[in-house]
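Both of the next two complexes hold chain A, though its partner changes from chain B to chain C.
Coming up: the complex of A and B.
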């Protein structure tokens, strides 16, 4: 069963977080270990498997980027997994230059400005995914998602850099 | 999880950080990335008239193991021919640095980077020969 089906939601890029939360919390109650304490071992085991799968589904679908990557994989887009390297000079050059820029940013303001730019970029790219999925353009979906992963990593690094700057200024 | 001394040494004192002129004819540049972790690694070699790698530089944005792996590779390739440098295996890197299993992919990245740099250098010399 895929993550969408598990939560009784349509497999789609756009997901209302409120309905996701509702579906998750209802099912979580249903499979909660406390309700199975007095049940036979087989049922207890089933409940813990269900609960784990449910958490996994929720985690994957809650974040827009991981949801998009998951949906892409469901749609047959092959994403490079752990340990796979990519050779996309344009993307890598962009990522390298962005990271150098972040590395050189000496003030919290400079880091914030870079982070804000990347957040906008991510938002626009995530919005643009819808039409790529509609068109079923797998290479374009893959390319866009790989770029989003690098933007996401950049945002994470910008947060870390921000914290370091704050710490050193105290 | 304990990291090896060699790994920590390369991470804390990385060798050969920097850049070479990528437009220069005797410089080969390899740029690779592991999108799953968002790492990006640049490795460059400068090949002398005698066919030996006389300089190597790297720049890696990634975890400590990725930095150590690329640092080690730049150290290893200096003084080697490109054919010799091409035989460097990720397993050698992983073994030397005693990388934990979850970090093996960092050594794969470094192997791919040196291969990409060599391929870039070869493409340049082939073009020059035409």
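Coming up: the complex of A and C.
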């Protein structure tokens, strides 16, 4: 069963978070191991497996990027594993330049500005995914998702850099 | 005498005593512990005779034998500092490798573990004791308190742990409960329990933060409350940061002041413990006044120390700042801004410190919620969860993994399999491959932590997947699966997918207990059970003896004239024998003396009864009596 079906939701890029939460909470009420404390071991084990699968589905679908990657894979787009090297020279160049910029950012404000730019960029790219999925353009989907993955990593690095700056400034 | 139990109609006890037995909530704290019970959604802490809910998490092993817990153990501290253990929670699941984080904090002789397990032990009163064993004593005392308060056996509990407790510490906590004869229904994270206590009371919805600064640990968690669902979004903390650090700062200052004044103190355990006790007192005083002072006497030499709130604030500013850094990090993890927080719940005695309250309020921009006693709130939440798990309540707790779980890969780098803040229970897998041609075995090293290098993370377990058929490097597909259950405990299994060769391990943390250790401890607890029983019988004999003496004294005062001098002397002698026996510890002698006294006082009792009857009859006419008899 795929994650969308498990939560009884349509397999779509756009997902209303409120309905995702509703479906998830209702199913967890049914399957969470806390509901099975006094039940026989076999039932407890089943509940644990169901609850774990629900958690996996919820986590994957909640985040727009991981949802898009998951949907792409369901649609037959082959994505490289997380953390693999980037095979797009254009993206590689962009990533290296951005990283240098981050490295040179000496203040929390400068880091914040970079992070804000990346967030905007991610938002726009995510919005653009819809038409690519509609057109079924697999190479373009793959390219866009790889770039989004990189932007996500960059945002994470910016956050770490900001924490370090804050810490050393005291 | 055997009393028959009489029950009102409709109040007969349930036939399934086991199922109906109460499940309690236990906050097993670093400094204090509390046990509570909830009935129909109303939690209450269980108090002792003097109305105290908190049991100091202090265990004493007096040289005279036996075990003391709580205030009694604390009282032993000045006389036998080496035989008293406090803050044992800091060592739960800790191995020798962690000792640098606690060295100097705990003035005990610490023995690194030996053999297959690596858990540290403390040498106390001539015996090596593990943190599990010592914690079990606290749990036993709480269990006894609950049984006394509820008048029922208590065998099931929800126990809280800091959200940031790693797998080793969680396992150690479960083991301690087992030694104490408690079945753990669920380990619940302390902040989650606190939110539960608040949420149910107020019916609140929205994003809440829990700031929990206890004696030895700090946790910060973000939760979303929605229609009876408590969803933990992110959590973080530090297992070695708390109010004990504040005490130490004050104590160190006092010892330095003495040193400056030329009092060349021998700083031994007793000195450190006295200074810490005074420091804690002064810290508490500063919660509602601007300055305080204390008198420290070491080896007969007194010194006086003044401390203002401002000085104290400056001393602890760095610690408080560290908590706020962690809080901001957790907010970042959840992608939330402080302004989105609807309310912040304060938990733990150290949140009484004014600087802490002020700084938290400043960061969140709102006054913190404090209407539930911060010392009891965690136990109250645990009690609610215990009730919910045993059939009451409709709340649902959705918790997360506090720390990332992963595997060691080439070059000592950590590959994360379960990222932190993943909702539990969870089952996640990752594929690995061989790196050498013809490789037939693969070492699996499970680690926990956020750092990139294995050396900076906590090692949880190692095992080997054997029997991989020889293939070229990179051809084997080894799937390693991680399963974390609702208690936050981990099981790891590995499988070679092309052939189905499988290995599975329940992660016994490197610092966990070997089966032998566990057996020893259970055996010890049985041994102590006998000692406990003996002690109780002795107390009962003494109480009974006291009652007899009081009754006799009252009778002698009223009707002593009924005895002649010789009889009276005999009775006094018997009385003296019982009194002497009660001063001792020999239960048989107490019982024998009581029996002898009873025999001696029998004629006296009969004479009193006769006289009583005569008095009752006095003044009545024979006719009256006859007519009555004729009725």
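Points worth noting:
The definition used in the following text is that the second predicted complex is superposed on the first by the 166 of 170 C-alpha atoms of A that agree within 3 Å, B and C clash if a C-alpha of one lies under 4 Å from a C-alpha of the other, contacts with A are read in each partner's own complex, and residues count from 1 in each chain.
Heads up, the rule we're going with is that a residue touches a chain if its C-beta (ideal position, glycine included) is under 8 Å from a C-beta of that chain, and two chains touch if they have at least 3 such contacts.
Since this is a predicted model, take the numbers as computed values, not measurements.
In the superposition on chain A, contact of A:17 is made with neither chain B nor chain C. When the two structures are aligned on the shared chain, A:152 is found in touch with chain B, with no touch to chain C.
Looking at the shared chain after the overlay, A:37 reaches chain C, while chain B stays out of its contact range. When the two structures are aligned on the shared chain, A:56 is found in touch with chain C, with no touch to chain B.
When both complexes are overlaid on chain A, the residue A:25 reaches chain C alone and has no touch with chain B.
The contact surfaces that chain B and chain C form on chain A in the two complexes do not overlap at any residue.
Contact residues on chain A toward chain C in their complex (touch as defined above): 21, 25, 28-29, 32-34, 37-38, 48-49, 51-53, 55-56, 58-59, 159, 163, 166-167, 170. Taken in their complex, chain B has these residues touching chain A: 31-40, 42, 59, 61, 104-105, 108-109, 112, 116.
Residues of chain A touching chain B in their complex: 79-89, 91-93, 95-96, 99-100, 103, 146, 149-150, 152-154, 156-157. Partner chain A is touched in their complex by these residues of chain C: 19, 185-186, 226-227, 229, 231, 321, 325, 328-329, 332, 388-391, 396-398, 422-428, 483, 485-486.
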